[in-house]
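Next, two complexes with subunit A in common: one pairs it with subunit B, the other with subunit C.
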Partner chain A sequence: MAQLNYLFKRLLQMIPVLFFVTVLIFTMIRLIPGDPARTLLGEMALEEDVQRLRELMGLNKPYTTQYFIWMKGILTGDLGRSLVYKMPVKDMILPRLRITVGLTFLSMIFAVILSFPLGYMAGKNKDKFGDQFIRVTALAAISMPSFWVGLLLMILFGVKLHWFPVGGWGETPAEQFRSLVLPALTSCLMTTALLMRNLRNSVVDISILDYVDFARSKGITETRVSTMHILRNALITTVTLLMMRMAWMLGGSVIIETVFSLPGMGKLMIDSIFGRDYAVVQVLVLAFSLLVILMNLITDILYSFLDPRVAL
Partner chain B sequence: MKKALALLLAALMVVSLMAGCGSKNEPAPAAPATPATPSTPSTPATPATPATPAAPATPAAPATPAVEYDDTIVIGEVTDALYMSPWEALGSQDTKYQNNIYEHLVTPAYDGSKMEGQLAESWEISEDGLTYTFKLRPNLKFSDGSDVTEEDWQWSFYRARDYQGSNALTRSEMIDTVSMPEKDTLVITLKYACPPFISYCSSYNLVVASKKHFEEVGEEKFIESPMGTGPYFMTEWKRNEHMYFEANPYYWNEGEPKTKYLKYNIVSDENTRYLQLQGGTIDLAPMIPNTMMAQVEADPNLHGETFPSTQIRTMVLNTTIAPFNDPKLREALRYATDKQEIANIVALGYAKPVASSIPSAHGDFFNKNIKDPEVDYEKAKQMLIDAGYTPGQIGGVINVSATQAIYTDIATVLKSQWAKAGFELTIEPLESATLSEKTHSLSHQACIYQWTDGGTDPASLLGFICDYTESSHWYTGLDDKDLEAMYWDSQKEINYEKRVELINKMQEIIYAEHCIIPIFQADYTYGVSDKIQGLNVSNGNRVNTYQLLKTK
Partner chain C sequence: MEKEKLLEVKDLKTYFLLRDETVKAVDGVSFDVYEGETFGLVGESGCGKSQTCRSILKLLKRPGEIVGGEILYKGQDIVKMNKDEIRNIRGKEISIIFQEPMTSLNPVLKIKTQMFEAFHDTKMSKQEKLDKAIELLKLVGIPSPESRIEEYTHQFSGGMRQRAMIACALGARPKLLLADEPTTALDVTIQDQILKLINSLKDELKMSVILVTHDLGVVAQMCDRVAVMYAGIIVEMTDTVTLFSKPRHPYTYALMGSLPDQSKRGSRLEPITGAPPNLSKLPPGCPFAPRCKYVEDICRQERPEIFEIEPGHLTRCHFPEKVRSFTGIIDVPEQEVGNNG
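Take a look at the complex of A and B:
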């Protein structure tokens, strides 16, 4: 019951936050220099064409009118029309959301598969060769630019070995999954390194605590001590970090999507900002804000499950 | 232990570096243009003839195997179309796809020297320039098999004239009536004489589309559901992913298109596009960066092809604010601008310096007498001193698009050249929309733009420059009423020789203003699989997809 109350309270708190975000993004995007009509028609646009298009786009209406039209649409499920693509924003975002969500989840799975065992091993073998090697590898992973890693992976696994496609998004589910493998591997590098180091440090810190020694002295098996006492406690901060990284990645990675030619949300966001596609930018920012708020909420709830001492 | 760790880290970094650089036969990420020895541009490719059928085997000699062709060609493009409707089209971003579907009455020859019939076999222009009579090809059909009727022609051309969402209205606003007084004869009358109209007839908004199809799908869906008389029809379009085309079974030109299916992959990163070309995922990469041509040529399965273009990179100087408001300073800097060096360094030899704003492909309209002075840095310096400046103590800012490296590269070379004359040029990259805003409001000092002319008449470019209300004299702020009057006269002048004389004179005036400075005319560079035959590209960047073949 207490958890439900907490959940309800947090959901209610979202409303003023999201309202504030709408005002902020509506204002900010219009403060950036550059006119949507002129940007769309290009640098060689004739002035009369620009003015005519501004009128068609509704950009000559007062700002307050434009804001209320947009908000009315949001509240009734109409996300508006893209100024650039002349199609409903909803139709643009949903296919891309699938790609970005797919990339994010696959990337997180790879990150967990790689970082958890390696981070735990590094922590349990503190300062030994294994620990040093894993830490250096993590440092190298953070240091390498993702676009460069992506290109190397494409050259090796795409061009030379033909194991995976060289960029692009497939047409069948199987092809689409294969299209995501190399981008997810590239994208997970930074997250893997961060999670590995975090888990390693947590394992090191927790391993020397009194209750771990006490557990061993009680005769509990080493496996149980490692999993239930060390790993479970170490995972608290690591899972929090994982959820935060996931929220960040759901915002879309422009670089990964550009290098691998994936039509995801990140690329759409950057193209829409450059193209001054107000309708799309506004909806995307609102969607990202909502996602971040929800991810924070899920993190807090998950935290309470991992650590019974934490009450919602 | 720490020493071993440091050594291991160093080794890891060295290995990573080596893996990244690769051997000379492996592709490397494209590097920005660096000073390089100029390479001789390739001669334009001539269309290859398809392989002749194998001769019957004689008892003495073995039979030669027939060449087998693939039924699909894949083209990798960096940008997707925005609209597949000709009246929403914004330019080459859309027309490179639309050209597979829609056709015009006439179209420029691939070398841009003249207009050729496309849907029209021939045409006549009345003496007063008000009536254009086209003899159409017989039995024209849309890709669904329906006949092209008078109603379709009228609806298409009136829509081109009246649709307010089009950015090409200036090329169709003069249309008065469209009719077919007899079979396969189309008559267009104009509200006023417009000599460039025959060139305008190749504009992307002046095509014939199916009125019935438009009414069936509705205006909104029509943007993504085109239907024309062209060699292909579109079967699928997933935005920013791919586009599929299939051969139009009702196409008027028997034997074309030569390949049944076309696929366009949208690959937004140039490095990835090159890898797809190398790996065989795509067969053709149009407009590949010049810096990648060497890699393409080095690959045993690829080759590069170049085609002359009408694309001119031009520097524009704002005459309304210092320092470029001084014509003497602008003229002095001409002597410090080495266009050949810029073309060599930036375009790696795939460009030639030009003096006139009008491309040479426009024949008589191109003023071949306009020549740039010999580069003379000392003379430039002296001219600045004579104008009252102290070399080393004058400077200005040039704004360039941050997203297109070629502009930054041009500005970088200019900076080093002008520095020799004592002028300090500061380069300020700006995002495209911000740059447009700045130049439109005339708050810039200098910038670099480009113009590509697709037709055979320079009217569009001259209109953009000379009609002050359109672009403030191409963002230079120079309001020359005499020049503008001359432009309007040229738009009405029916006598060809007089019109040529007017347009040549206008180029001399524009040149003497020293504020619109064309730098180079670049070739189109294409990365092509060795399996592809018959590639040709017009100087307006129209690809002959309907003539392409791919060997298996």
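Take a look at the complex of A and C:
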């Protein structure tokens, strides 16, 4: 009951946040120099043609009026039309959302599979060779820019070994999965390193606490000491970090999708900003913020399940 | 009646092997614990009393290690036991409770879950476990255990957590309870309740208790026999009455001098000057020599051996007769002392 109540309160809180976000996006995109009508028609177009197009698009109206028209559209489910692609934004976003969300989830899964066992092992063998090795590797992984790692992976697994496509998006689900593997690996690298270090440090810190010794003094198996007492407590911070990184990875998809030419939301965002495609950029930024807000909400709820001391 | 020896610690050495030094936390400690008795380990912080206690269950923190000696529990050497063998001793035969009730229970597991871990009988059904856990919580004096058992530790006060910890420790009816400063972190009224609880449980469950403390008042209230530790070694060991009436080591005597005394109201307390020695750079002689009022040259050069000054009364001092001329803080007629030994 308390949890439902909390959920309801948080959903209500989202309204002012989202309102603020819409105002921000709307203003920011219009502050960027460049005129959509001019961009669309090209440098050589006549001034009166540009002016006619501006009127057609409603760009000559006052900003407040434009904002209310846009908001009315959003609330009634009309996300507007892309100037460049000449199609409803709604139809453009849904297939791309699938790619971006798929990419984020896959890199999160990779990050968990890689970081949890390695981080735990490192923490358990503090200061031994394995721990040192894992820590140095993690440091290297954090220091490498993702676009560069992406290119390296592309050369090795795409060009040399032909295991995965170099870029682009497949036709069948299997092909599509294959084209997500390298981008997901690239994007998970930094998150993996961060999670690994976080989990390693938590395991080290928690292993020396009295409740671990007390649990051990009850004569339970070492496996149970490790899982129920050490890992269970170490995961509280690590899972929180994981969720925060997931929101971050959504933003990171802008770079990854460009490097691997994946037709996702990130790539669309870059293209639309260059093309001054107001309607698309606005909706995309709004969608990204909505995803991040939802992710934070899920994090908080998950946190209350992991740590009974946190009351919602 | 001759009581059976339950635990024999023989020349126990527990060192912390650091990169460039060795901290000799416990450096050759020997004592016996008999069935049904409360044995006290007293001393200042860092004298090795807690590490002695943790060594018995092999719960040393890295890089602590038992480097020598024997710990015989019912004749079996715990030091030589492998992981599975020691696991069968933990909880079932010997349990431990720690000083800090705030950090000694897992914050994310229900009290129930943590208590179930102490029950080793795997054939017990969930309901049986629940009944037994509730019964234990009642035994340690937790009100409305039926509902509190579903709670988490942060919903418990310090004293309640200490009681819950004791209930966990008693889950498998151990024969020996190691109490590592069980009341140090509690306020005085709760301290008294917990001590009385330990005493009554000891009688009820016919356990022996090793009580680690720095508080001579707690020793007087609880212990049958006491070992006074200093810098990783036992400096004096005897029964409680003798210790308080006829201390035969300058350190024990000095400890008592630093206790407030009702009969000497208004007089100044006598603190022990100086600080305990660095356990990685012990002087060759008696470790207490630098702080001892009666120190002579030989004390600084030669470490005294522990010896029996009277039946059942051991001391480690070159000049115990110097202390002989002093009386302790309680007066007990000679005959009575002998009977308790």
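We take it that the second predicted complex is superposed on the first by the 302 of 312 C-alpha atoms of A that agree within 3 Å, B and C clash if a C-alpha of one lies under 4 Å from a C-alpha of the other, contacts with A are read in each partner's own complex, and residues count from 1 in each chain.
Here, a residue touches a chain if its C-beta (ideal position, glycine included) is under 8 Å from a C-beta of that chain, and two chains touch if they have at least 3 such contacts.
Predicted model only: the values in this text are computed from it and were never measured.
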Review point. Are subunit B and subunit C a fit on subunit A, or do they clash, once the structures share the same frame?
Key: fit
Practice item. Go through the superposed model and pick first if A:H229 touches only subunit B, second if only subunit C, both, or neither. Key: second
Practice item. Please work out whether A:L75 is in contact with subunit B alone, subunit C alone, both, or neither, and reply first, second, both or neither. Key: neither
Review point. When the two structures are overlaid on chain A, which partner does A:A215 contact: first (subunit B), second (subunit C), both, or neither?
Key: second
Check your understanding: Looking at the overlay, what does A:P308 touch: subunit B (first), subunit C (second), both, or neither?
Key -> second
Check your understanding: From the CA centre of subunit A, what is the angle out to the CA centres of subunit B and subunit C, nearest 10°?
Key -> 150
Exercise for review: Kindly classify A:A174 by the partners it touches after superposition: subunit B alone (first), subunit C alone (second), both, or neither?
Suggested key: neither
Exercise for review: Between subunit B and subunit C, report the minimum C-alpha distance in the superposition, expressed in whole angstrom.
Suggested key: 12
Study note, to complete from the structure: As the complex stands, subunit A meets subunit B at residues 32-35, 38-49, 52-53, 56, 84-87, 92, 95, 132-133, 136, 139-140, 144, 148, 151-152, 154-155, 158-159, 162, 165-169, 258-261, 263, 267, 274-276
Check your understanding: Which subunit B residues qualify as touching subunit A in the complex?
Key -> 1, 5, 8-9, 12-13, 16, 19-20, 22, 26-27, 29, 82-83, 88, 90-91, 164-165, 167, 169-170, 220, 223-224, 238-242, 265-269, 271-272, 275-276, 278-279, 281, 403, 431-440, 449, 451, 464, 469-471
Study note, to complete from the structure: Counting only contacts in the complex, subunit A reaches subunit C at residues 208-211, 213-222, 224, 228-229, 232-233, 236, 306-309
Review point. So in the complex, which bits of subunit C are touching subunit A?
Key: 54, 57, 59, 61-62, 83, 87-92, 95-98, 100, 103-109, 113-114, 117-118, 120, 152, 154, 165, 168-169, 171-172
